[in-house]
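Per-chain residue numbering starts at 1, and chain names A, B, C and D are given in the order in which the chains are listed.
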Amino acid sequence: MIYLLNDYSVLAAEEVLARIRENAGNNYGGYGLDEICDSAKEKLHSYLKDDGRCDIHFLVGGTQANQIMIAGMLRPYEGVIAVETGHINVHECGAIEATGHKVETIKPVNGKLTAADLEAFVKARDDEHMVQLGAVYISQATELGTVYTRKELAAISKVCRDNGLYLYVDGARLGVALVSDSCEGLKMSDLVELCDCFYIGATKNGGMLGEAMVIVNDDLKPHFRSLMKHQGGLLAKGWLIGLQYDVLFTDDLYFRLAEKAVRYAEKLKKGLQDLNIEFLIDSPTNQQFPIFDNGLIEHLEADYAFYIWEKGEKKSAVRMVTSFASREEDIDALLRDIDNYQKTR
Amino acid sequence: MIYLLNDYSVLAAEEVLARIRENAGNNYGGYGLDEICDSAKEKLHSYLKDDGRCDIHFLVGGTQANQIMIAGMLRPYEGVIAVETGHINVHECGAIEATGHKVETIKPVNGKLTAADLEAFVKARDDEHMVQLGAVYISQATELGTVYTRKELAAISKVCRDNGLYLYVDGARLGVALVSDSCEGLKMSDLVELCDCFYIGATKNGGMLGEAMVIVNDDLKPHFRSLMKHQGGLLAKGWLIGLQYDVLFTDDLYFRLAEKAVRYAEKLKKGLQDLNIEFLIDSPTNQQFPIFDNGLIEHLEADYAFYIWEKGEKKSAVRMVTSFASREEDIDALLRDIDNYQKTR
Amino acid sequence: MIYLLNDYSVLAAEEVLARIRENAGNNYGGYGLDEICDSAKEKLHSYLKDDGRCDIHFLVGGTQANQIMIAGMLRPYEGVIAVETGHINVHECGAIEATGHKVETIKPVNGKLTAADLEAFVKARDDEHMVQLGAVYISQATELGTVYTRKELAAISKVCRDNGLYLYVDGARLGVALVSDSCEGLKMSDLVELCDCFYIGATKNGGMLGEAMVIVNDDLKPHFRSLMKHQGGLLAKGWLIGLQYDVLFTDDLYFRLAEKAVRYAEKLKKGLQDLNIEFLIDSPTNQQFPIFDNGLIEHLEADYAFYIWEKGEKKSAVRMVTSFASREEDIDALLRDIDNYQKTR
Amino acid sequence: MIYLLNDYSVLAAEEVLARIRENAGNNYGGYGLDEICDSAKEKLHSYLKDDGRCDIHFLVGGTQANQIMIAGMLRPYEGVIAVETGHINVHECGAIEATGHKVETIKPVNGKLTAADLEAFVKARDDEHMVQLGAVYISQATELGTVYTRKELAAISKVCRDNGLYLYVDGARLGVALVSDSCEGLKMSDLVELCDCFYIGATKNGGMLGEAMVIVNDDLKPHFRSLMKHQGGLLAKGWLIGLQYDVLFTDDLYFRLAEKAVRYAEKLKKGLQDLNIEFLIDSPTNQQFPIFDNGLIEHLEADYAFYIWEKGEKKSAVRMVTSFASREEDIDALLRDIDNYQKTR
């Protein structure tokens, strides 16, 4: 079975595993208070170009990271704005609401929130019986693989600041977004300038598990570790996550792994386009959404693992995901199989 | 620095690490739906002797496990009973209350809940303006290293069943409890008979991270995965936890590691007793609470990492913890140092 | 100033006030455990034709009633379905989310949920990372004044039962719905047959304050008073609410007051139609949504209190609400003023 | 049956009822935004001597008031300190925990929190895995009828300010406390100086229902109405509560009613003392806790309603409560009955 199901089916990059092996016998302080975490943070700061001014915390997973950070940003009566397709709105089983907060939604354009729609939404809110708006949540890359350019992000940031809203970026797939041509040169350090907080995901980009929360806004820094504990998110062997970031942010490994994933995705996309396959959306990152005949889908399911995204009567959009662990020969095989299938019909 | 600070400072048992290495390149299904988790559950069932009747779920950490399971047991207006020293009452930063539930407390005897005190507490509750009692939480071993015998557990279980309360056992340190002489032959399979749910901790007994929740009572089984996701507790690479249990429950490794920890603790205890050191409590497991002169504590802190449990003016109780990764020579060194310190005063 | 702003600007029906005066000096049991509440429940049962089988509880307000009942119906990971315009989704400041639950929304048709849309929505849900669906919320009458017929309600009820969802009806304006021709003979007793729980609102129909929750489904009955207390909703002088229901459900007063409100609304509607005014929606109850030129609105605001519902550049929809306390001469005055305004332009 | 059960069994003072009658036909703005609430606030400000600087909000009941105010004071990971007998800890069915916060408890002395115990408790807290302390809750008068003097309150206030804790006073029975000799001249305006927020209860002192929250600290003022709505606590006909305060704080009515209650209690206390009855605690307010033989209790229960507070084998402490609506002849009757009972044994 060839895996195009997701970007978290393989454990971790070889470099990460090697480093774990090296440190396996050592004793480290608990709950992320240790020298490896310190080292990892130092390396992250050099990429953030923030002179150590941001707070960095290592969390286990994305839903937990979103839940904790959003609960930390909001007052009890406040809600968070997301696009309708936002991960927190659809795929977290109500984890945000579990902390007492409403997710208010805006229709996405190309999977993204637009600054204009955000502004209109915020301006229209003027009833004290409605949820107060406290923060904006976006994902970079989005749930549909698209990415925000620096300009788009700056425009959203401006609307947030003009209206007293925190801006939070879910970076579960930040790596592939930043190496994509479509983000037009956006850098990790730009996020420090434009956002109040964001996380740099490792689970889907070479790490075994872990997400690094970066808190830029001083108001959000106090007692964040208490927030983590209070939501069951403080890992006993926290240094295990720190270690992964220490490796991933040495010699640009994080970005090299992301580039691999995007390169494989581009090969897949180009190959499918050559076979006249259409796409649900034009994604520049490691998630691709080709539209296949249902017969082809059935045929492929025997050998390939992927996800049916939008089921139709004759055709359906599927999601195929690449990662640092994808293999070129697997993509070649897939394209060949589709070509053969098309020829024999 | 010699570590007696806790039982989660070293990553994992060698056997666990070896198995991770073997599987590092493979693709597995996400969120705990994979063949390694299936295999691990099968092995656990053989220890539980339950004919596969319990549900088993793999969680990341103890606070999270407690938070999810307790939220799953209770109706909104119900509370959970624990001893005053219970982990959920003291050391989880309000994680239970975060899910909306009150922790009602009873004074412990030797770190433990007694069936008699529980019964009296439950009988005294008859006011509808007070929290309804829904469940009882105990830890095996307790936060003070003591253990419940089969008889004690059966008595508590009876009070729970007579009064419509769920019984939940926090097994963060279940291994050391079950290998301790003091539990008088209590087995993992006895918990299936006596409790509604409990977890078998790996983080503190040879695993890298992970706790296995065992749900015995059918009423608590439905949609537990939704509960996990809803609290941010469904790990993307869930097979990583399953794998650890698969190794730990092969050839009794889990118990052999626990025996090591207890053996080191006994050596430490016996050695300290020989030096006329008194103890805060008589613990038969891997946590020991000797009472040292504050001068001795200061002297030891240069070379040994441990935790000051109860600070006094002249003497203080400290906590010293052993684990599978402790070394006999370190304990010898500690005893020698204390002996020397005592002689030179 | 003539009030068409809402249906809760006047304290209570004269009969209610008279009865309060009579009982003002008496002592009654606290928290709704008293003989007046008992009497009121008996009267309600005779309208419900349920042989006393439903549980009835007296609550203070609508948002609180929704919050408590919905929290009582759901497991932590479950959400409640409502139309986008539903009161719980828009005008309760996140009170449902405050109890940890997501409100999932469906686009309304004529202000109402359709059984077909509900079924399609439920059938499409099959991902365990999404919120589990636990209950359906509708309002009778709706937030836009429209009403469900018995047939429509039965169809929704069937979808709910086929899919294991509780059906809850917010009856803040149940009176005007039941006396409206548009409900095609739906009776209070039909709700007992079709719903799992619903409330009969008094605040907006002759009462001073109070909503009577009717729990039909046995599964939802246990410990409801604890749920109320736990959400701060158990009124010390609960008999004050019981008393109001005791009066309102003597000699059909509740329905006679609702008929008054609807009669005034029909007069208003007919009068505006004669003046060629268009409406946002065709409402058969006491809320009317005429569309006025913004100039007319400005003109009317000097003498009439009403709510601007949807602001447009030239024209806006306003909400005008009648109640048992409305006066015919006020409606005549309004119609005359509008007629004059139109003639002089 | 003579009522000594509680201080909320009679509807309201005659003056309050008269004023309701006067305003019964008028239209007022919804949700507490009306001229009667404005007038009531003005009167309250004159008693608070705060130059209008405090925010005042009208809430329906005490549990709700506590729940909303405490949720408003705390960050998610913070808890509130109360004495073990505190209303929020015992008699609110977990309403504080429902908002996600732990109630941390200190043993009371004479029903009260002492500044020394509070300071020791706060100083001992230094573990980030424990709940962060955010606020202190006390009741004036306490649940046992005792009262804080100005000096005691000032000492608690100092500890709070030195340690960054908000101080909140539950004034469900503030009236009887302030008119009691034991408070040594404490005035309502002193609370403005010493506390961050407190409420002035009407339900138990002449009002029909309602509690007036006074927010002194500017940090706690923003969006309090949203907090109220979010917890289902914004009453549609809010002016009904405002009206009651407008009457109660005209010509000192609030204090005159409290004085009546205390005078009746003193008569009861003195009379019982003359009969050699002992008391559980020496209460200077309207709650008295005499200790009766169980035989006497059984005898009295036929004619008098009161509450058994602490059941013993031979003797039990009962709670007898007076209010503005108590009658001297009833107390005379009770004393006579007890005297006769004692003589005939």
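Definition applied: a contact is a pair of C-beta atoms (placed from the backbone, for glycine too) under 8 Å apart; a residue touches a chain by one contact, two chains touch by 3 or more.
Model, not experiment: these values are computed from the prediction.
Trainee: Count how many hops through touching chains it takes, at the least, to reach subunit C starting from subunit A.
Mentor: So the least number of steps between the two chains is 1.
Trainee: Which chain has its C-alpha centroid farthest away from the centroid of subunit C?
Mentor: B
Trainee: Distance-wise, how many Å sit between the C-alpha centres of subunit B and subunit D, to the nearest whole number?
Mentor: 42
Trainee: What whole-number Å value describes the gap between the mean CA coordinates of subunit A and subunit B?
Mentor: Roughly 34 Å separates the two chain centres.
Trainee: Distance-wise, how many Å sit between the C-alpha centres of subunit A and subunit D, to the nearest whole number?
Mentor: Using C-alpha averages as centres, the distance is 51 Å.
Trainee: Residues of subunit B that touch two or more other chains: which are they?
Mentor: 76-77, 92-94, 98-100, 128-129, 132, 226, 229-230, 234
Trainee: For a test of understanding, state which residues of subunit A touch subunit D in their complex under the given definition.
Mentor: Touch residues, subunit A against subunit D: 71-72, 75-77, 99-100, 128-129, 132, 223, 225-227, 229-230, 234.
Trainee: Can you tell me which positions in subunit A touch subunit C when the two form their complex?
Mentor: It is residues 76-79, 90-94, 97-103, 127-132 of subunit A that touch subunit C.
Trainee: Given the complex with subunit A, which residues does subunit B contribute to the contact?
Mentor: Residues 1, 3, 5-6, 8-12, 14, 17, 20-21, 23-30, 60-68, 92-95, 98-99, 203-204, 208-209, 226, 229-237, 240, 305, 325 of subunit B touch subunit A in their complex.
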